[in-house]
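Report on the structure given below.
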Amino acid sequence: MTDTTTATGLLALHETMSVIRRTEKAAHDLFMSGLVKGTTHLAAGHEAVAVGARAALRDGDYAFATYRGHHHAIAWGATPEECLAELMQRSTGLNKAKGGSMHLTKAESGMLGSYAIVGAHLPMAVGAAWSARLRGTEQVAVAFFGDGATNIGAFHEALNLAAVWRLPVLFVCENNFYMEYTPIGAVTAAEHPAAGRAQSYGLPAEVVDGNDVVAVRDAVARAAVRARAGDGPTVLEAHTYRHYGHSRTDPGKYRPDGELERWLERDPLTVSAHRLREAGTSGDDIAAAEHRAAAVVERAVANARAAPEADLSEAFTDVWADGGAAWRT
Amino acid sequence: MADVTTSQDVVTYRDSVAEGIAREMRRDPAVVCLGEDIGAAGGVFKTTVGLFEEFGPERVWDTPISEQAIVGAAMGAAMTGMRPVAEIMFSDFLACCWDYLANEIPKVRYMTGGQVTVPLVIRTANGGGLGFGAQHSQAVENWVLTVPGLKIAAPSTPADVVGLLASAIRSDDPVVFFEHKGLLASKGAPAPDGHVVPFGEAAVLREGDDVTLVALASTVPLALTAAERLAADDSVAAEVLDLRTLIPLDVAAVLRSVERTSRLVVVEENPYQGGWGGTIVSVVADEGFELLDAPVKRVAGANVPLPFADALEDQVIPTVDKVVDAVRSLTKY
Amino acid sequence: MTDTTTATGLLALHETMSVIRRTEKAAHDLFMSGLVKGTTHLAAGHEAVAVGARAALRDGDYAFATYRGHHHAIAWGATPEECLAELMQRSTGLNKAKGGSMHLTKAESGMLGSYAIVGAHLPMAVGAAWSARLRGTEQVAVAFFGDGATNIGAFHEALNLAAVWRLPVLFVCENNFYMEYTPIGAVTAAEHPAAGRAQSYGLPAEVVDGNDVVAVRDAVARAAVRARAGDGPTVLEAHTYRHYGHSRTDPGKYRPDGELERWLERDPLTVSAHRLREAGTSGDDIAAAEHRAAAVVERAVANARAAPEADLSEAFTDVWADGGAAWRT
Amino acid sequence: MADVTTSQDVVTYRDSVAEGIAREMRRDPAVVCLGEDIGAAGGVFKTTVGLFEEFGPERVWDTPISEQAIVGAAMGAAMTGMRPVAEIMFSDFLACCWDYLANEIPKVRYMTGGQVTVPLVIRTANGGGLGFGAQHSQAVENWVLTVPGLKIAAPSTPADVVGLLASAIRSDDPVVFFEHKGLLASKGAPAPDGHVVPFGEAAVLREGDDVTLVALASTVPLALTAAERLAADDSVAAEVLDLRTLIPLDVAAVLRSVERTSRLVVVEENPYQGGWGGTIVSVVADEGFELLDAPVKRVAGANVPLPFADALEDQVIPTVDKVVDAVRSLTKY
């Protein structure tokens, strides 16, 4: 793995974030032009959480994400082409066009799914961590979830069980300050929806700048060390912001004037570009990385557009492990 | 899924939801709404638009993402003098508060020997056809049918939305009210003032002597379109029944129709296994056995999760073609 | 209402506790002799929580209890006879023999039910408190629940919603240190399963001696004042112990030697007798109260035994508000 | 509910549960158990007795009262190389983790395009007859039937408990395994070594030409007793089928039997509305229509919550008398 603490390593993270940003932009545009169907929940603005966390973890570790999960899929190795093909209902889609935007999954690299029922995947991550412990591996599992997810029962049950069993699991909240259209503060009895609940389970917690890929990476690295050492779970609350609305065509009108603009000043790509320049990376090198990212996403869009539609027979496969869907004799 | 519209068809199913709730809130101060993003935002499906403005934050409450607390609190409020209308955004999420639907709300009156009543409505957006994938597209009225003690409404037209909401909110019994996502944009005649559609009365939307099509919510326009095609192409006269409520279930209307047609096709969106059509077929195969001249068919969802891609989704949910094919297989008899 | 801060008032509480204790003993004996069917979860040992809490509240307030709820039913006005008749499947049972031990309910006096799915009634109590606020009354609602209930999702959702809406609801945990057969500490990531979680919701909490009826009464009274003043919910954790096993014939063998004996030294009836003597009540007066309690329960047993069996037609009533059970035309 | 026992009937259904799990745990180190009070306490129904002693705390895990975490963790573990066997104490409590059964476990393989498998078993004590009241007595196998993607087993004998558990735990698909509370104390022949009962194969427990009785779990001994009474009192030869699994559903066996008997009575404990019998009747009323000489009957639970008192409970759950009456009403045809 790349050493992401060097300038070169950091540039790689920046490039991945740029790939994600451009993929989200492409998804948005394709949605507007009717080529992406159903719904999307874009993660533009959240890139540093996904890329920073992945950088701190090892191959073999597990990730569980939400319907807002494109960034995690890509950070864990899904290609923009696979992702966009999925959104465009192509047979080459990451999930064979059977999942869609909300369920991007790259199981072969440990990204075990995106789940669209808020909070449901937290216990799953606990189970993956339990499994690692049972199998005697050093794997850790991470659950990424939103601020809104901290008010659902599964959150509570997952954190308690993980704490009692001291499992190697990381709870990473992407606090973007809104559930759908309602500010999280209006419906949450804790200033820090995730970190402020950790002490209920005797767990350490950290609030981290979710727009700074280095800060996220370092916090996740610390939590992973603890987890691998048998010291149990950690709660991380990464503050970030979504640049688009909640989903689809939501213009985000419920946001106060100027809020988006203030967050755009701390755009994760701006922050990492700044860090790169501080670390001595030249503007040209950064621009080159951006160009590579742009090229990848352009090719992805073209290839996904050109790919064949979903194969109709797929409707009746993959229910059972034998590949079929038979329910009767 | 759009029905044939006429110049009378001026209101949408979507707007009729808010209209139906507003009419009851004006009538009865005990009616209050709660749910996620239903207030100033007007609901994710825009089915509560205007309520917050008209009735204010003491009647329209935004909640956290806490389905158990939403429905559990509605239950507690209903037991103590209020008539809460709780929104569960997508019907798939009923699974997150299923204990309240399966074990608490429908049973408390019975198990206390009639000491309490629970006059509440749980509204939810149901069904597929919009490419929302496996966890946001299910038709789950059959889940609720497994639970004695809940009434179930699932309107197919804007006027029925208003009329059935009136019955639901005025009911002293708990009601699960399914608003079909695929119908939200459809239009129809507006509900007259004071419109109330009683529960347990199926609507005969089209008369015919050759075959009975029993439908609900999204499958009503499907059945009607299939009936038109059968009339035009096959000279088959299909009678189309819209059940409108599953509990109480108007099996009398079904039996009356089958008495004339001798043939039955149930068109339902939920999966075949455990689908509500099985209950209808059971009653007909028992009490109406001698009326039948041909096998009974169910055009239902396939027994698979719902796939994302539109073309795949079409493979597994009922379509006009599937209904037409099912009827044709019977009229050969 | 009796002023329960006087010696006479306290004697009334003692007498009610004694009624509960004897009813539980009767239920146990009737179970053993086969006259009580199904299951029971006896509350002997928990009397002070129920009686102390009720004493601090007003007529019109609401209570929601668990399957271990005989003590609450009686504290809220159900007669031992109604309760035992219910357990014995008599038509005179509190719930017409349709509920059983786990569902004792006395709605006319605000005791709105006993619920047998752990944690489910906490959101209901929140809803009753919300209703009080909506109707502009000064009512409060109390949810009584076990230590084990603090690990289920509904607990989390209820406390958060109640806190956000600042509702007049009291969360009273009867911490008896066991779920069924497992010590609560083995499965809970907080020393105080209820009180230790309150700060997650910004709620005040108090740990109280659940075997001291006066301590419970005073703590609940403080919480009720807050609630009625619009200051929102309070979490109370009352430490107590069940004298019988978890349910039915459980002999409680998982308890360490001497544990029960230690708790019996602090039997709520012993504690209140001590307080009574300190307040100047004579031994004779206490004995007279005990005798009255014994007489009530003896009569209750006799009458319940003599009452007619459940009326078979009741199987098909009370599903709907119209009294019937019709599901079809 | 006890069947006629013979000298061969030496093991209980209850003990067979622990035996069935233990056999698989010995075979495969990936099998682990989790649930409330299942460890040293041996389970509330004593169905896990001895497992903790034999396999220790790293294979048998006590959990908090957190049904979502139990089943969700089982899912995560199943996706990553383990074969968890999760216990949900009473099947009514499946409502507390219904999201996992309805939306997560059965769908994740499909919606990821086959990227993951979820080899887990959820065991649970199902059914009534013991006076546990409305929230601890339900037969809820029909809830699970509404969800494509879950296999469903519900054994009626000790040997089937062991044999079906073997298939369930070895299955790469998720299985909901219903252990009937009313059968726990019943006895039967022990399962031979290596006993495996494949899913989707109904057992013909009694042959007969006059009527087919389709049963499952608790209704199997009911149907057998009814068949004996019908033979003795009415000279009616009833064939009794034990479905053993609902998914896969052996409708072929049902159709084969009805081909001979021309009469069908389904005996099921879950409520009539939304009960699994509706799915069987649907298939038979369609594919087997021409085989039928009489109406199809379902002897099912009444559409009410379950009352506490034994005498009331008897009114609303299937009984031998009700089965006999249903058959008699058909043989008049």
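By letter and in written order, the chains are A, B, C and D; residue numbering begins at 1 in each of them.
Here is the rule we use: a contact is a pair of C-beta atoms (placed from the backbone, for glycine too) under 8 Å apart; a residue touches a chain by one contact, two chains touch by 3 or more.
Heads up on the chains, UniProt names are B, D = Alpha-ketoacid dehydrogenase subunit beta.
It should be emphasised that the depicted structure is a prediction, and the values quoted were computed from it without experimental measurement.
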Revision key, fill the gap. More Cb-Cb contact pairs, comparing C-D against B-C, go to B-C
Check your understanding: Taking each chain's centre as the mean of its Cα atoms, which chain lies farthest from chain B?
Key -> C
Exercise for review: Would you kindly tell me how far, in whole Å, the mean C-alpha position of chain D lies from that of chain C?
Suggested key: 36
Point to revise | Separation of chain A from chain C, taking each centre as the mean of its C-alpha atoms, in whole Å | key: 46
Study note, to complete from the structure: The distance between the C-alpha centres of chain B and chain C, rounded to whole Å, is 40
Exercise for review: Let me have the rounded angstrom distance from the C-alpha centre of chain B over to the C-alpha centre of chain D, please.
Suggested key: 30
Check your understanding: Counting only residues that touch at least 2 other chains, which ones in chain D make the list?
Key -> 63-64, 66-68, 92-93, 95-96, 99, 103, 110-111, 133-135, 148-149, 247, 249, 273, 302-305, 307-308
Review point. What residues in chain A touch two or more of the other chains?
Key: 95, 97-99, 103, 115, 117, 151-154, 157, 160, 164, 186-188, 314, 319, 325, 327
Point to revise | chain A contact footprint on chain D (complex, rising order) | key: 32, 58, 61, 63-64, 66-82, 84, 99-100, 103-104, 108-117, 119, 148-149, 171-173, 200, 247-253, 283
Revision key, fill the gap. In their shared complex, chain D is touched by residues of chain B numbered 92-93, 95-96, 98-99, 101-103, 106-107, 110-111, 133-135, 140, 142-143, 145-149, 247, 249, 270-279, 281-282, 284-287, 289-290, 292, 294-298, 302-305, 307-308
Practice item. Would you mind writing out the residues of chain C in touch with chain B in their complex? Key: 62, 64, 93-100, 103, 105-108, 112-113, 115, 117, 120-132, 134-135, 141, 153-154, 157-158, 160-161, 164-165, 314, 317-323, 325-329
Point to revise | Footprint of chain D on chain C - complex, ascending | key: 37-39, 86, 89, 95, 97-100, 102-103, 115-119, 148-149, 151-153, 179-182, 186-188, 254, 309-310, 312, 314-316, 319, 325, 327
Point to revise | Residues of chain B touching chain A in the complex | key: 36-37, 39-41, 44, 62-68, 92-93, 95-96, 130-136, 273, 302-305, 307-312, 315-316
